[in-house]
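Across the two complexes that follow, chain A remains constant while its partner is chain B and subsequently chain C.
Let's look at the complex of A and B:
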């Protein structure tokens, strides 16, 4: 086709990607609002079945990069936390084509599905003609709209650890309206409290900085502690989080974003009895 | 490599030979003269350009032609020949759900998308189903009511 390739398999797609500067087209909902030169070529990925899998194995919930939000919402395998975030993305017509891989590759700090992948320490499978590498999603983001992909590389799958995907969780999103709302602030938290001991605690903040904010070294201040010990550590934890959250000024003020982030964080602590 | 994109448009197989990066919206309106597909925002905000692609509601402004190759597209011009349309048409008239009419082709196809998945939707399900279709005239209540009436009147069609 003119200005495009529509391979039916991964091998062909990776071959095209290695030889051309074609832009991968997953669902198109981010791509189609961008101005592109007339000679741009798209690499249409919708025929590649390998990119559409949704499954679970002993360790991971696995989904292909070209799974649409509608497909993920309809799958019994998709963890509730991810479904909660997806249900509040855009509207049905967009969810019918938009993909989770496109959401990540667009590298927006407002990407709602990517926030869930971040808080669950999801791994990203990246493939090129030369092989496969698997990286934590937090290593993928270099800045706003910038992602650590080499020429010829394609995001193929996401591996969300089962021991993160199904923990008690909170998901919050502030938008300007109910539908078609782009996040002004978003928050996700997961926690594991067994017999009064905090064995896992993770938080992530979206739409407040150039990249989604995830600070595992700060969340670690609470891990391994009893609830009572965590109450003692709470002040230091909140102070350090307050220091690390430096929101950008956008359509809403940085001060507002900061206040909302801290409110969500304090609510999440309170939900866990801290 | 073939330089054509083939797809079914309102039940007829058609061939498009232009750029695969072109918007489905522009091709439908400009090449196939299907002007029932309305152009509103060109960024997936308004739903005026909604069509059915492989039985799913999509914003045609956010679909590149290469994505349509081998697919099945139904616009309001094709859908209006169906029995389901006749029921929706009558229901929308009953509640005066059409004022300026600009959003209505998208709204009707959104209604089809709702009813084909859930023949007896709640008002909440209908509102969720049309949440990507903006109407600046009616305030939505008449549209929601019309879809509820269509669900009842069209028993067995969906």
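Let's look at the complex of A and C:
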């Protein structure tokens, strides 16, 4: 027996969320396998059209939190980097129902779509009955499974900056097999190099720690430098990254995760001529 | 190809495609009691007491004190209790069953039942085992002479891990006891094995025990011996339930953690080489049997008979031991001991060729057995050995020779390529004289007055299509449309004992009995009259009788053959590989249905690749298997091999129906060796164990020994 609400509009959904402890339910691919108390209530979001938009404006690629992976894969607006990551998530049946909002709200360090949102410094639009706030996605994660949402708040949209979404990129995923595989290590990098100058450089590592690792302050060591200058800074950059990446032991060893992360990072540097 | 090979719609096609077929778990709950096993929390302990919470009416506990017969589940020997009495020998050993009308409540009361223990020291490592369950030995030729004459002697140790069957349907059983008779219905391979086991535990005469195979969602050996345990436990509960049926269905974790799986192995090979040829093999094989003997003697027999591979080695000394540890009893899994030793011998031959600096395939070809040669057990390969032609075919389709040469240079790019090849056989049917001495298979055909014919045999369709192939054979001999031949799931109250559904025997042995029965019926056919014909197993005259005491004679009447090339691409940044393709050739004699056989071959190849790569299972220091879910124990998906190319070669066996031999187990057996050979070439590192992980591969790429890295 499943109890819940199935509002048809945003206002109604936020109203229910303000009054109850119902758990927002998007695709349900994570929730439906969880054992919960019999009196658990769900807020089913599938009827809310506002959460399904996919569009671009002058500054952002914007998608609703309840867009399924399949919908994102099929949209001409979705940046290639995001498509690359999504195409390797689970299998078609899961991708037909699982949503990008669910991937973020689940707050798993292994979330593959969230890794792309992190590396592109995507903004998250959060709505409640009392208003709207927009925060960088990195501010949202507090720890494994913990997300900085207040009671009554719902993630509604993701705003990925266009000047990040379409940069040259690298996406890597290590899974236990070719499909239906949870990431054991994942990596995303984007870079903007023109006329030998690095104007942007960002990296993110998934599935190695409690949260997705993104260290803009370290990536900044390379930004604003020429390729030649970056080569000089490379050693310090790699050393600091090495220090900051402290993987946890899981289905693979911490040492393996570390080695693969550093391999991916060096490979990404090499691809950029650094 | 024989016209019988043309594929038909499988007998169980419609009911399975439509989803209308019922499995054990699908029967209505009304009036049914649920059973939940209470299991040992320790690998080795003395049971001091079992205390249930206060149970409401209708709920009760079942344990060894409820057993009216003997507290023994008969497999090969009689050492395994149905319910532990006094002492437990592995983590998860059944101590009792909580039974009640509501499934959730039953599970809750089972969890609340407290068992107190005195913990005893547990032995988990085979190297530390003090109990050798079985110790076999055979020898041929002049070992000492061969080793003293040798130019070179090579020695290496090989390891293989657990493999879990992961049948789609978990183990399940329903038992009902009424008026002194018990009926057990379940997901199982061998109705008469279960029949014997249940009769013994309940202390009933055979006529009071009825076993019905329900539609079974896969077995792969995992439902050969294990259902005898679950049936015995559930039947004891049914006796106490006084007329109400009791059902036990395992959840996936329970099934993965506590049911039998493939024996982990350690095989030591010492090989003498003289003038570029192998002159002697001295082989020592150790299997981890787990806590009880179950099927270990026969698994070990097949394993050590296969230990010298497809090579004609004049001097052979083989010792095999199955040793006891305080872990879950291991058992049957497709290949039955042979995948372990074929992995070892194929790696050994590759490594020797490498050391001698000769092409490995040329080296292997120079040693191949042929028709008329002696087998490892001084029997004879009575029939043609089609390996040379099969090798040529695989080389041709895979482009092996060119690729092998191109990939030989150590790579520097991110993608590292490798291709490997392996050769193997699978002895068709039971090892030794089992058919003649123990099974004594019997089948019947029942004809009604209006001319409808029903097949009566105890072999179960576990997805391998035996209902279809049996019906095709009988239809063909009687010239009756295949669709009109009747065959149901076996029920021991109706079918004679045609033996178990194991050892790639059903089609070859029982299919031939049915063919002869059909000819018999055809010759005596009387219109408008009900008739019944029976047929009994007769050992082919050409067989050299097999002696188990010194492993002498024909271990198998004939052999199925396999050749496979596997190509991989390894990512040097991660150690992760992609199987680019697998090209294989199989000889199982005449395929009685080509679609069925090709499906079997493809499935077996994929299981072999999983066994060698991603299927990792081990126990921790407390003897607990942690990889007990499908997210922790991965099996390959259709995405994991982009190109699976199977070709059949047909070497007819005159004593099998239309020339058919054993097929079911063959495809898995030699695949791991080909896969690891490809990995070795790709990363330029010798490997001697499976499963071979991405992590170990990455370490090997950095030059360190993979096993050493694993230990640190």
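Definition applied: the second predicted complex is superposed on the first by the 272 of 274 C-alpha atoms of A that agree within 3 Å, B and C clash if a C-alpha of one lies under 4 Å from a C-alpha of the other, contacts with A are read in each partner's own complex, and residues count from 1 in each chain.
Assume a residue touches a chain if its C-beta (ideal position, glycine included) is under 8 Å from a C-beta of that chain, and two chains touch if they have at least 3 such contacts.
Just so it is clear, the structure is predicted and the values come from calculations on it, not from any experiment.
Legend: residue contacts after superposition of the two complexes on their common chain; A:185 is shown touching chain C, with no touch to chain B.
Once chain A of one complex is fitted onto chain A of the other, the partner contacts of A:267 are limited to chain C, with no touch recorded for chain B. Looking at the superposed arrangement, the partner reaching more residues of chain A, out of chain B and chain C, is B. Judged by the touch definition given at the top, the superposed model places A:176 against chain C, while chain B stays out of reach. Using the contact criterion defined above for the overlaid structures, shared-chain residue A:259 touches chain C, although it does not reach chain B.
Contacts of A:44 after superposition: chain B is touched, whereas chain C is not reached. Chain A residues in contact with chain B (one complex) as well as with chain C (other complex) are 91, 178-180. Residues of chain A touching chain C in their complex: 91, 172, 174, 176-182, 185, 251-253, 256, 259-260, 263-264, 267.
For chain C in complex with chain A, the touching residues are 414, 573-576, 578, 614, 631-632, 634, 636-640, 693-695, 698.
Chain B contributes residues 1-5, 17-21, 23, 42-45, 47, 50, 53, 56-59, 61-67, 69, 110, 113, 128-129, 131-133 to its touches with chain A in the complex.
Considering their complex, residues 1-6, 25, 28-29, 31-33, 36, 38, 40-42, 44, 46, 70, 90-94, 96-97, 178-180 of chain A touch chain B.
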